[in-house]
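In the two complexes that follow, chain A is the common piece, with chain B as its partner first and chain C second.
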Partner chain A sequence: MKNENRGQIRIIEAFLAVLIIFSSFAISANLTVTQTVTNHDNLASTGLLALVKLDSDGSLGKYIEDRDWAALRDALNLILPAGIAFNLTVYDGQMQQVNTDVISNCGFSSEDIAFVEYVCASQGSNFHCYMIHLYLAVAA
Partner chain B sequence: MPTISIDTFFACSLMVLLMISAMAGASKLLYPHINNTVDMNIAERYASVSKYLLLNDGTPSNWGQNCQGVPETIGLAKAGSDNPYTLDIDKVSRLNNENLYAVSYAQIFTALEMPDVSFRIEIEPVFEVALNLTEAFEGANKTSYEFEILTEKQGFPVQAELKFYVIAENYLETSHACVSNGRTYMNVTISNDVNGPALLVVFARSVSNAEIVSFSAYPFAHNSPEPKPKGTFLRLSPLNYTLNASLIYPGINLSDVYALSFNYSSTLTQTANSSQSATYNIPHFLDPSPTLIVVTGRNSTSFFTEWTAYPQIPLQTGANFASSTALSNVFAYTYLVTINSALYKCTVWLGGPRQ
Partner chain C sequence: MKKCKRKFRANSSGQLLIVAALTIAIIISSTTIYVYELCRETNSTESYPISDIILALKQSTKNAMISSLANISKGGEKTVLEANLDNLSQTFRNLHQLGMYSLSFTALNDSQYDSGTCLSWNTNGSGVSSAYANFTLKFQRMTANIAVDYAVNITTTVAINGSYTRLEGEEKLVNLTCRVFNEDKPALAKNITLFYENLGNWVPVNSSNSLSTVDYGNGTYLLSFIVSTSSNVQVSAHVYDLRYVFVQANTTCYEA
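For the complex of A and B:
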């Protein structure tokens, strides 16, 4: 390399360094993963506690056995904090959907959706086991 | 000066500027993330503290029932309960400042053993019942009162079964349950021979789940002057299924005392009395409902009613964070808790200095 070109190479190096450092800034500005995980955790624990409380006296199993989807939706709507949207699906042991109606209070407009999986056993004379999938989001 | 020297000088200056701007930019960009990580750690710590308060029974485990005892470590859970977030009726009642045996904020703060954490605990029914007297129709022998009853959760109507009781001097009327879609009107008719003030007590039980129960009480004038505010004559302290009724001033005579729940009602028997207080046994109702205790009596001139709930809710105890959010990290955690088979909403506020 000729001596008179060495300074120009250093300028190119400097511009390359500028490019690398500012691109790393642009990438790091989008690092907000921790917050999202915590919001998910809070929503999921709220949903799980609601299902546990409904199941503690056998109400949850009774709603499913009686196919009383309106009562299940109303109960969830009442015990979940205001401003939380939910969508619940009940599956039987063969993972076939049991609920014929939609058990939800409104549509999901948020991309931040938490998921809770809960196993519920009926307390009737015929034993049945159900898998419940509950999706939760903060309503817009 | 040769061209190479100018280029090198220019490149070096650019690198120095770049390094300085990189350091400034990096600190500005990363500060919120570093700060957020600290906040997230605090949030997780406070979440653990709030769960600890509701999942542990404290030391001694029966500190709620021992009216003179102060907890060594605080915890509100019912001892030996299989279900999580099941609270002890007496520990909850001792958080209420209206109770004669209430533990003070300083005592709870010491028992929490976390000198950098302030807290506030609020426990209330899952939904609200509001009562409004809309009209009164006075007849020759009877007077009818029309009440508006609202059952709502943060402004949204709640479908509920209603049961009401009307109490006046030597008078207890019980209604049949009726269903409300969130707003209903109800008539109460009382004979003009009955002395007031009267007290209307309404229990509301969610149609979708029998464990979700709320209540409200409304005193109103009937053959009497306007009722005095709650707590004018007596301080009521239910604890360990015993009611202590402390007289605010002498010359008060107590008469009938009632325990009311959604399905049951009972007249209480006095077990002891003195010049300053009287005690009554509270029955264990097999009912997922709070028990409302109504004490009637007379001061020198007039009849009165005083009431309280057992568990003694709604309650708010602890620090007031309303004006301190700018200088401190304050987090609120809401849980669904069970007290005597009924569901309530419990909000735990925790705060400490901003780091």
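For the complex of A and C:
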């Protein structure tokens, strides 16, 4: 009787083990998805709203018109929350890069990088349109 | 020998099932991870709400309107507004991050506005430089097609009023109050230049006229200066707001 039941008990054990492994994977995967998406959404949204805020009084367009990349970097550093790494590139209407200096506060070490695309119309009397690509990541 | 084989089969049948079960577990787990990765990629492309995108695009149209009004108020052609908005619309078509965008517009034409602009610089103490256009922003993405209608009105208004007190001879001390508004809200001026009329010519007011300016910081400026004229003092204020929109207002100052 004991010998006959040994195999069945092993099968039950195996199924229990499979159940535990599977459920732990399922739960942990869901937790990770929620956290990652929340962080990613916040990062992109924060970046976009930072650009809108900077553009609301025409500062963003003025920095670009004046080719004042250091001031633009400082302004972004101030307006973005601490601990966010960024890298910004400015393109003109023909998608030619405008900024001659790197507009970034530090290197990216995170795998989770958010991307923001923004159209900046200058407020000056000579109208120019620029395309801005902003990459954001949580600084290590 | 047969007994031994049977025993081996009985012993190893459970182990085989265990291996099979573990294999299934690995397959299920890897499928879960794969689905999770796919979900993450899908979510990362829809990274912020549509309301944020619309806010950003509205900001760009507003800036384009400001730029056009700044140009036109300084003597530019009225066609500049439509040309700039066409340019902006073309740039919007190059945006592909979260979908396809198309911007159409209609510049306002009525009794006050011509091709979306209105420059009303009167002699009654008020001056208005304004631009107005209606927009339709169409936004197409995999999950939804959205059309948003909105209007952008950029208006810089200047209101001046003042009086003078007699000094010696024909000298008069003019006190002028100048108020600047952006979209009916008090706004700061970048530069105010005053002129007064003398023998049919407009003469700039400068330090030789003992010009003094008090900036109240809320869009109200008190300007005082001394002029020599025989009649009431006609004053013209030329104002640039912080957006470089030009507006002019004329008034006549009478004795207080």
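The working rule: the second predicted complex is superposed on the first by the 108 of 140 C-alpha atoms of A that agree within 3 Å, B and C clash if a C-alpha of one lies under 4 Å from a C-alpha of the other, contacts with A are read in each partner's own complex, and residues count from 1 in each chain.
Here, a residue touches a chain if its C-beta (ideal position, glycine included) is under 8 Å from a C-beta of that chain, and two chains touch if they have at least 3 such contacts.
As the structure is a prediction and not an experimental result, all values here were calculated from the model.
After overlaying the two complexes on the shared chain, residue contacts for A:125 are found with chain C alone; chain B is out of touch. Using the contact criterion defined above for the overlaid structures, shared-chain residue A:114 touches chain C, although it does not reach chain B. Comparing chain C and chain B on the residues of chain A they touch gives the larger count to C. In the superposition on chain A, A:25 makes contact with both chain B and chain C. After overlaying the two complexes on the shared chain, residue contacts for A:66 are found with neither chain B nor chain C.
When the two complexes are overlaid on their common chain A, residue A:14 makes contact with chain B and with chain C alike. In the superposition on chain A, contact is made by A:56 with both chain B and chain C.
Of the two partner chains placed around the shared chain by superposition, chain B is the only one that A:79 touches, whereas chain C remains out of contact.
In the superposition on chain A, A:48 contacts chain C only, with no contact to chain B. Residues 3, 6-8, 10-11, 13-15, 17-18, 21, 25, 29, 32, 49, 52, 56-57 of chain A lie at the contact with chain B in one complex and at the contact with chain C in the other. Per the touch definition, chain A reaches chain B in the complex via residues 3-4, 6-8, 10-11, 13-15, 17-18, 21, 25, 28-29, 31-32, 34-35, 38, 42, 46, 49-50, 52-54, 56-57, 59, 71-72, 74-75, 78-79, 81-82. Chain C meets chain A in the complex at residues 10-11, 13-15, 17-18, 21-22, 24-25, 28-29, 32-33, 36, 39-40, 43-44, 47-49, 52-53, 55-57, 59-61, 63-64, 66-68, 70-71, 74, 76, 80, 84, 87-88, 90-92, 94-97, 242-244. If you check the complex, the residues on chain A that touch chain C are 3, 6-8, 10-11, 13-15, 17-18, 21-22, 25-26, 29, 32-33, 36-37, 40-41, 43-45, 48-49, 51-52, 55-58, 61, 93, 95, 114-127, 129, 131. Those residues of chain B that touch chain A in the complex are listed here as 2-8, 10-12, 14-15, 18, 22, 25-26, 29-30, 33, 36-37, 40, 43-44, 47, 83-85, 126-127, 153-154, 156, 158-159, 206-212, 288, 334-336, 338, 341, 343.
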